[in-house]
Amino acid sequence: MYGWRSKIGLIVPSSNTTMESEFWTMAPKGVSVHTARMNLRDVTEKALIEMESYAKAAAKRLADAEVDIIMYGCTSGSLVKGRGYDKKISQELERHSGIRAVTTSTAVLEALKELGISKVAVATPYIGAVNAKEKQFLEENGIDVLRMEGLGIVRNTEIGKQEPWVAYNLAKSVYSSEADGIFISCTNFRTIEVIDFLEIDLGVPVITSNQASMWFVLRNLGIKEKYKKYGTLMKEHL
Amino acid sequence: MYGWRSKIGLIVPSSNTTMESEFWTMAPKGVSVHTARMNLRDVTEKALIEMESYAKAAAKRLADAEVDIIMYGCTSGSLVKGRGYDKKISQELERHSGIRAVTTSTAVLEALKELGISKVAVATPYIGAVNAKEKQFLEENGIDVLRMEGLGIVRNTEIGKQEPWVAYNLAKSVYSSEADGIFISCTNFRTIEVIDFLEIDLGVPVITSNQASMWFVLRNLGIKEKYKKYGTLMKEHL
Amino acid sequence: MYGWRSKIGLIVPSSNTTMESEFWTMAPKGVSVHTARMNLRDVTEKALIEMESYAKAAAKRLADAEVDIIMYGCTSGSLVKGRGYDKKISQELERHSGIRAVTTSTAVLEALKELGISKVAVATPYIGAVNAKEKQFLEENGIDVLRMEGLGIVRNTEIGKQEPWVAYNLAKSVYSSEADGIFISCTNFRTIEVIDFLEIDLGVPVITSNQASMWFVLRNLGIKEKYKKYGTLMKEHL
Amino acid sequence: MYGWRSKIGLIVPSSNTTMESEFWTMAPKGVSVHTARMNLRDVTEKALIEMESYAKAAAKRLADAEVDIIMYGCTSGSLVKGRGYDKKISQELERHSGIRAVTTSTAVLEALKELGISKVAVATPYIGAVNAKEKQFLEENGIDVLRMEGLGIVRNTEIGKQEPWVAYNLAKSVYSSEADGIFISCTNFRTIEVIDFLEIDLGVPVITSNQASMWFVLRNLGIKEKYKKYGTLMKEHL
Amino acid sequence: MYGWRSKIGLIVPSSNTTMESEFWTMAPKGVSVHTARMNLRDVTEKALIEMESYAKAAAKRLADAEVDIIMYGCTSGSLVKGRGYDKKISQELERHSGIRAVTTSTAVLEALKELGISKVAVATPYIGAVNAKEKQFLEENGIDVLRMEGLGIVRNTEIGKQEPWVAYNLAKSVYSSEADGIFISCTNFRTIEVIDFLEIDLGVPVITSNQASMWFVLRNLGIKEKYKKYGTLMKEHL
Amino acid sequence: MYGWRSKIGLIVPSSNTTMESEFWTMAPKGVSVHTARMNLRDVTEKALIEMESYAKAAAKRLADAEVDIIMYGCTSGSLVKGRGYDKKISQELERHSGIRAVTTSTAVLEALKELGISKVAVATPYIGAVNAKEKQFLEENGIDVLRMEGLGIVRNTEIGKQEPWVAYNLAKSVYSSEADGIFISCTNFRTIEVIDFLEIDLGVPVITSNQASMWFVLRNLGIKEKYKKYGTLMKEHL
Amino acid sequence: MYGWRSKIGLIVPSSNTTMESEFWTMAPKGVSVHTARMNLRDVTEKALIEMESYAKAAAKRLADAEVDIIMYGCTSGSLVKGRGYDKKISQELERHSGIRAVTTSTAVLEALKELGISKVAVATPYIGAVNAKEKQFLEENGIDVLRMEGLGIVRNTEIGKQEPWVAYNLAKSVYSSEADGIFISCTNFRTIEVIDFLEIDLGVPVITSNQASMWFVLRNLGIKEKYKKYGTLMKEHL
Amino acid sequence: MYGWRSKIGLIVPSSNTTMESEFWTMAPKGVSVHTARMNLRDVTEKALIEMESYAKAAAKRLADAEVDIIMYGCTSGSLVKGRGYDKKISQELERHSGIRAVTTSTAVLEALKELGISKVAVATPYIGAVNAKEKQFLEENGIDVLRMEGLGIVRNTEIGKQEPWVAYNLAKSVYSSEADGIFISCTNFRTIEVIDFLEIDLGVPVITSNQASMWFVLRNLGIKEKYKKYGTLMKEHL
C-alpha cells in the first residue's frame, strides 16, 4: 500500500508548480502525497483571501483518500489576515474534513521557534504589499525581521519558473551577521537543493516554506526520519 | 523549473491513493505531475457517473498551473456510459480549460490498438456491475474480452490497499493462451512493479490503466522516453 | 563450504512461509540455514500442542547435517503450555539430537531482558485464545503486558500473507507511551523490514519473533556480527 | 507475501548442506524456497533406497505451506533403482501431497535433452558403486557417458565441504572434445559459481544437479526469468 | 601530464561564462582545455567585429602552452562578416601562433554537412541583427534556414544565465517537421544537458555551438572517443 | 547558470598547463572557473617580472565575465620582487578591474599562518635562482625555511609534464622531522593527488600552490565547502 | 611509475602460492610487490634450514629492481634456528643486497608487542616438529603460548590449498578466554579474509603471518595507510 | 585456493618493475601469478644474452609451486639471438622444469599472426642496437617493420619509470596509415592503460609485450576470458 507509513493530504494554490515536486522529493519511505487544489493565479492580497473559500471542499476530497493529515500549503495565503489566521484556517479545515489540518505559516513559526531564531532575514519572490503582510505576521508572532527582500513577482507561475540558485543568491544578499537565521518564503519558490549550501556558506540555519511544511507534517505524524539533507531543521530536529 | 519538458495535469477520483504515486514513479526526467481531485468514494456505476460533474472545475484549476495536458485518470469513470463517453469527457474538459485533455479509457483503447491486441483477458478489482460496463465498452470498441475477473471491491480506498502481487496473481489466473494480451484495469490498482514479471512469465504484452495513461500522455506530448521497464508498451512503443 | 562460520538448524511449523525467508535475509556472511518441518496448519492451542510431537524427528534430521545449533522456530508453539515449556522443549531436542537447541520463546524472553523491557505492548496475528496463552507466559516470566492486540487469524498460511506494513500499523496502534518496548509475535508474521521504522518513529526498542530468534542463535554461536538494521537488539546487543 | 510469484517446496537428504543455499541464491525475485528433509547420512546405494521412505511425509508437510511445486532434491536418490524410478517417485509424491512433484534426475534428463547433449562427460563426488548406477541410468535413458569420474566420498557432509573449484577442476579433467556437454552430479556438490567459467573455458554447455533442478522447477512453474549467469541452460533455455 | 592525449587551446569572448564549463564537461579522458580571452561584452555586430583584433595575442599565449589545436570559440563572432570569414580567422591565427586553428562557425558547417542537414531550424539567444547575419552565413554556405528564433538578448553575461531548458523549449518551438535537424547557436548558451532529450523527443539530430566545436576539435586531433551522450553527432560521427 | 554559487577568475602564465585542471577538479559544486593568460615561457626571474605587465589586461577581461574574485595564479611570479609584492599586484588588479583580487603567494602565506607552520620544508620544480627568491620571500614573511629542494627546470611546459609522484618523492626527500609542515611550490607542478598520501605518511600538513590558491579564493568568497581530500587545509580549515 | 610510493621486494619459498596474492591484495595505492623465490618443497626443519642458502641471491635480484625494502617471507623459515635467527637473516640480506631487510618472524614478534599480547593461542598448518620450533621461538622471545594446534601438513603446496575458513575454524578451536590474542602462522596459509570475522566473533586481536609481514614492511617504509580491514593491527596500528 | 583456475609462473628480468603489476591487473578471476627473477640490469645485447643462464633455475623454482605454465617474460631477451631463439628457450625451460613454457617473443609473433598484421609500426624504449635485433627478428619471422622508434634507454629501471602516456605518444608518432597495426615492445614498458585509447584513436589493433604475453598464456591454458579492455587481441581473440 502506498502511504503505509502515512498519507499526506496537500492543498496547494491551483497555479503552484513547485510544492508537489518538493514534497514528493522529501517524502520519507512509506509516506505518500495526495494533492488537491484551490483557485489562485496571482499572488496578491485580494487573490490570497479569495482562495481560502476553496479550501474546505479540497479538504473534504482529501478526506475521501483517508489521509492522515492535511497541509494547507501556502505561506502568504495562511498569514494574509494577520496573527491567528493560520490557526483559524486549520480549525475550519479540521471541522469540515474530520482530519487533522495544519498550514505553512504555522509550520514556519514552529520551525523558527524550534531553532531559536528570533532575528531573521527574509527572502521572498513577492511584491511589496505581500511582503508587508508577511513582515507584520512574523513580528506579531514575536519574530524580529532584520531585513526582507522580494523579487516583486505577481504571477504565481512566474515564481514557479525561478531556479533554486535564485533563492540562494537572494538569501545570501539579504543575510547579515546579526541574523539568527534565514527564512525563504513561498511554497512555489524552489529552495530544497540550496538549503544546505546556504547553511554551509553562511553558518546559520535556513528555513524555507516547503521544508518547514514537510517538517511540521512529519512532526505531527510522529515520523522521526533521519534526514541527511534539507537543512538543520530536517537533519537535527525531527 | 519543475516540468520544464512538460507538465502533466492529473485529475483523480478523490479516494484514489495509487495513481499519483505511479505517475510520479514513471514520469520521465523534466516532466512533473500536478493533481486535482473529483469526488468519489465507492466504485459503483452511480458514483462514477456523479463524479464527472466535478471534473470541469478540476480541469480549470490545472489550467491555472499552465499544464501541457490534462489526464482524466479513471478507467471505469471514463467508460461507464459506454462507447464514446471517453471522448465526450475529453472534449468537455478541453472546452472548459483550454488545455488538451485525454482519459484513461481512451488511453487503454489506443494501447490495445498499438499492440494489436484484439482478444484480451481482463483483471480488475471491481464488482460485477462495473465489470459488465467495462466488458461492454471494450466490446463496443471492437475488443474481444475472452475472460474477465474482478476482486469485487466497492470501497475505493480498499482497492488502493491491494499489493501489486494481487494484480500479478489475478492476471495470471485470468490469462489463457488464446489471449493476445492482458489488461489490468483501474487507476487505483497497483501494477507497475509486476508488468514486466507478467510479460516475462506469460509471453504476451500487459496493459494496465496507469501505464497506458502515462504512455498516452507522453505520446500526446511528443515525449519519446526510452523506458527499460513498465512493459512492451512503454519500452517499445513510444 | 556453506556455513563455514556456523550452520543453523531451523525447525518450523510445516505451514510457515516466512521464517526461512527472514532467516536467510538476516544470516551473517558464512552462516547458513538448514530447515526441517513439523506438522501444523492452524494456529490453535490444540494444534500447537500436537505439533511438538514432530519436533524430535526434525531435530535428528538436522543433526545429520552437522548443524551447530537447532532453533525451534515457533513462538506460540513454545509457550502454549506456560512457564518453562520453552526450556523443556530445548532440553528434549538436545537429548535426542545431541545438538544444542533453543526456542523462539526463550529468545524473546532473553531479548526483553537484554533490553531491560519490563512493560511491553504486544502485537500478534493470533486469535484471542492464543493471545491469552502468550500473555500468561510473558507475565509468568515477569513481563508486564500493557496492551495486546491480535489480527484474529487461525489459518497459518493466511498469517504468512500479511505484508510487513500490517505489522507496522498494528504495532503503532498497540503502543502507548508507558511501554518500554514493543513485541511483535509470530515467526510467520513478516516484520524485519519495519523494525527500524517503528523504532525511529516510536522511540522504543522493538522485538519480533524472527529477529529475536536470530539474535539468540547468534549469541549462542558466539557470532558478534555488526548489524546496521533490524533494530536495537541486533544493532547494539550482539 | 514471500513467494508471491511462486513457492518452491524442496525435499533434501537430511545431511545435504548445499542445495538450500544454491536454491536461495538462484531463486528469482518473488520466488521463495521451503525445505523439508528425509533421512540420509552416507551416499551409498542402500542408504539412498531407504531414504525414499521419508519422502512422502516431507511432501505432505510442504503441502501445508501451499507450495506450488515439490522438488525431490537428490540426484542419485532419484535414479538408484534405474530407468523410470524418477517418475515413480514424482507420481507417489503427487498422490500423497496433491502438489505437482518433480525430481532432480528428471530435471537432468530434460536439461540434457533441451541442450541436445547425447554424449556427456560426468563428474561426481560419489563412490564407484553409485557412479555405476548413475551411468546405467543415463545410458538407459539414451545418453552416452563418454567419461565419468568420482571423488569417492561416502559421507554426505564431506561432499558438502568441497569448494566449487573442486568441481571445476574435476569437470575439466573429465572433459574430452568428443563430449557435447558436461554433467556435474550431486545436489550436495557446490557448482553454481563455476558453471560459467567452465562454459567459457571449455566451450560446451555445463549441467549441474542444482542448476538443472532449479531450471526444471521454473519451467514447470512457467517462470521465464532472464538469467545472466548459471550457464547456457539458465541463460538461454527458460 | 594533463592533456597527455591532447591539449585544446580555447579562445573565448571575455564575457563568455559557459563554454569553458561545457568543454571541460565534454573533454575525453586525457584531453585538457586551456583558455584565453578576447574582449567582448555585448553581442552586437560592431562588438563582434572588434573582438577579432584580440584573437591573435590570445592564440600566441596558447601556443606558449604547446596546445595541439586552437578553437576560436564564438559562433556569431566567426560568421559576422559572412561567407569565408570563419576560414580567414583560422588562417590568421595559424599564421601567428604556428598552431592549427579552427572556429565554431566552421565546426557548425562541417557538422551540418556530416549529418546531411540541408534544411535547418535555428534557435539563438541573439538579437535580430545578429540572427540576420547568421541566417545569411548559413544560406551562403548552402544551408536552408527554415525557421529561426532568438531570445533578443544583447548582454553576453545575460545569455550565460539562461538555463539549458530555455534552449530546449526554444528549440522545440522553432522546430517544424520539414526540418532535417536543429541548430542551437551561441557558445555562451547552455545546451549540452538537453541535446539528447531534444533528439529523443523530436527525432532529428541536434547541433549546438559547443557540441559542434568539441566534435570538430576532436576530429582534427584524431580522437575518436565513444560518447554515450551529447547527440548523434558525438555518439555516431567521431 | 554555471557559477551560480561563485565565479572564479583565474589568471595563469600562458605556458601553465596544470592550474586550470587542478582548479576545475577542486571547484565545489556551483563554482566555475574562468581563465585568462599572461605571457610567460621560462621560469626565470626576468621572465616572471615581465609577465606582470600582462596581468591588468587579463583582469579586465575576467571582469567582463562578472567573476566574483580574481586569482593571480603564479607563486614565483607573485613573490619575485620580495616582501609585499604579492599585495601590490592584488591592489593593482583590483584597481583596474573593479573586482577583488588575490595572488598565490598571499594564499600560501595565509595558509601557513592558518596551520601554524613556522618551520617549513619546501619542494619546488625551480632553478636555484628562483628558489632563492622564494626562500627570501618566505623568510621576510617570518617563515623559517628548514630545507628547500628544486628540480632545476627552466621551461614551464617541462614542469607541467611532471607527474604528481615526482612531487610526492621530492617532498618526502626534503622533509625532516623538525619541520611543522611542507610547502610544494608552483602552480604548474601537479600535487593534488598526493597531498593526502604525504600527510598520512609524514604526519604533518602539506600546502601546495594550487591547493592554497583554491583555499584562499573560497575563504574570500565565503564558501565553506566540506572537503574530504586535498589535505588538512582544505578538510579542516574552510 | 608502479611503486611510486614504495616498492616491496618479497622473497618467498618456491612452493608458496599464497603470499604473493595476499601481498598484492593488501598493498596500499602506489605500493608494488616484486617477488623472488628460494627453493623449498616440504615444510620440515631440514628443508627450512637449507632454504636460507638461496636467500642472498634472491635479495640481490630484488636489489636490481631498486626495491625499498626486502621481506624474507617465511615464518618457520625465519625462526627454525631459534631466538635471534630472524635478525641474523635480515642482517645478512642487508649486507649482500644493500637494501633494508626484514623477516616474517620479526614482524610477528613486533606485532605481538605492539598489541600487548603476551599470552597467545597459535594455529598453524605445520607438523608437530615445526610447531615445536615455533613454540620455542615465541617463548624464548617472552611470549607465553597457551595452546597450539597444527594441521600436520608437510607438503607446502598442500598448505596453499587450504581455504581461509580452515584457518577460521582452527583459530576458533585453539582459542581460550585466557588468551590475549591469536596468532595464525605460515605465509602460505590463507587468512586475510577471516581476520576480521575472528576478531568480531572472539573479541581479541588476531595476528597472521602475511598480515604482520605487510604491517611491518609498511611501518619500516613510513607508510601509514588507513586500513578498514585486516584486523586491529592494520586498522589501528599503522 | 589461489589460482584454482590456473597458476601462471612468471620469469622476469631482475630489474623489471612493470610486468608483475600488469600481469596481476590483467589476470582473470581464479588465475594467480607467481614470479621468479633472472639477473639483468641494463638492456643491452650482452646483458640480455647472459640473463638466459639464470632462467632454468628460476623455472625449477616455479615448478615447486606447481604452476600450470611458465612465461619467460622478456621481449628483447627472447629474440636477441634471432629467429628460433624464442622456441629454443621454451624448450629448455620445459625440459628442466617439466612444465609447459613460452616466451614473450613467441607470444608477440602469434598475436601478430592472429590479428593478420604483416606490416607493423614498432615503438620501444630501447637503444638502437637492441631495436636492430628486434627488427631483424620480426623480419626473419615474416613481419614487415614499416617504422620503428626507440627511447634510447639503457637502464631497465629507467624504462620502468616511464608513464603509459609516453608509450601512447611514441606509438602515435611511429604510426603511419600503411601499418596494419602497432607493436609496443618491452615487458618493462607500461602500456595496458593506453591500448584502448590508441586503438580508438588510430583505428588499428595494438599489440604490446605484456598484453600479448598474457593473451598467449591464457590461450595455452584454455582460458577464454571475455575481456572488455586491453585491445582487440584480448577482447576478441581469446
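Think of it as A, B, C, D, E, F, G and H in the order they're written, each chain with its own count starting at 1.
By definition in this document, a residue touches a chain if its C-beta (ideal position, glycine included) is under 8 Å from a C-beta of that chain, and two chains touch if they have at least 3 such contacts.
Since the model is a prediction, treat every value here as computed from it, not as a measurement.
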{"item": "Shortest chain-hopping distance from subunit E out to subunit H", "value": "1"}
{"item": "Shortest contact path, subunit D to subunit E, counted in steps", "value": "2"}
{"item": "Turning angle required so that subunit A lies on subunit C, C-alpha fit (0 to 180°, nearest 5)", "value": "90"}
{"item": "Classification of the subunit E:subunit F interface as same or different, half of numbers criterion", "value": "same"}
{"item": "Matching chain pair for E-H (criterion: over half of the contact pairs shared, by residue number), options E-F, G-H or C-G", "value": "C-G"}
{"item": "CA centroid of subunit C to CA centroid of subunit F, Å", "value": "63"}
{"item": "Geometric centre distance via CA averages, subunit G-subunit F, whole Å", "value": "45"}
{"item": "Distance from subunit H to subunit C - Cα centre to Cα centre, in angstrom", "value": "61"}
{"item": "Gap in Å, rounded to a whole number, between the CA centres of subunit B and subunit A", "value": "32"}
{"item": "Residues within subunit A bordering two or more other chains", "value": "1, 163"}
{"item": "Chains that touch, pairwise", "value": "A-B, A-C, A-F, B-D, B-E, C-D, C-G, D-H, E-F, E-H, F-G, G-H"}
{"item": "Contacting residues of subunit A [partner subunit C, same complex]", "value": "1, 4-5, 29-30, 222-226"}
{"item": "Subunit H to subunit G touching residues, read off their complex", "value": "1-3, 7, 13-18, 20-21, 24, 32-41, 58, 60-62, 64-66, 156-157, 160-163, 190"}
{"item": "Of subunit H, residues touching subunit E in the complex", "value": "163, 165, 168-169, 197, 200-203"}
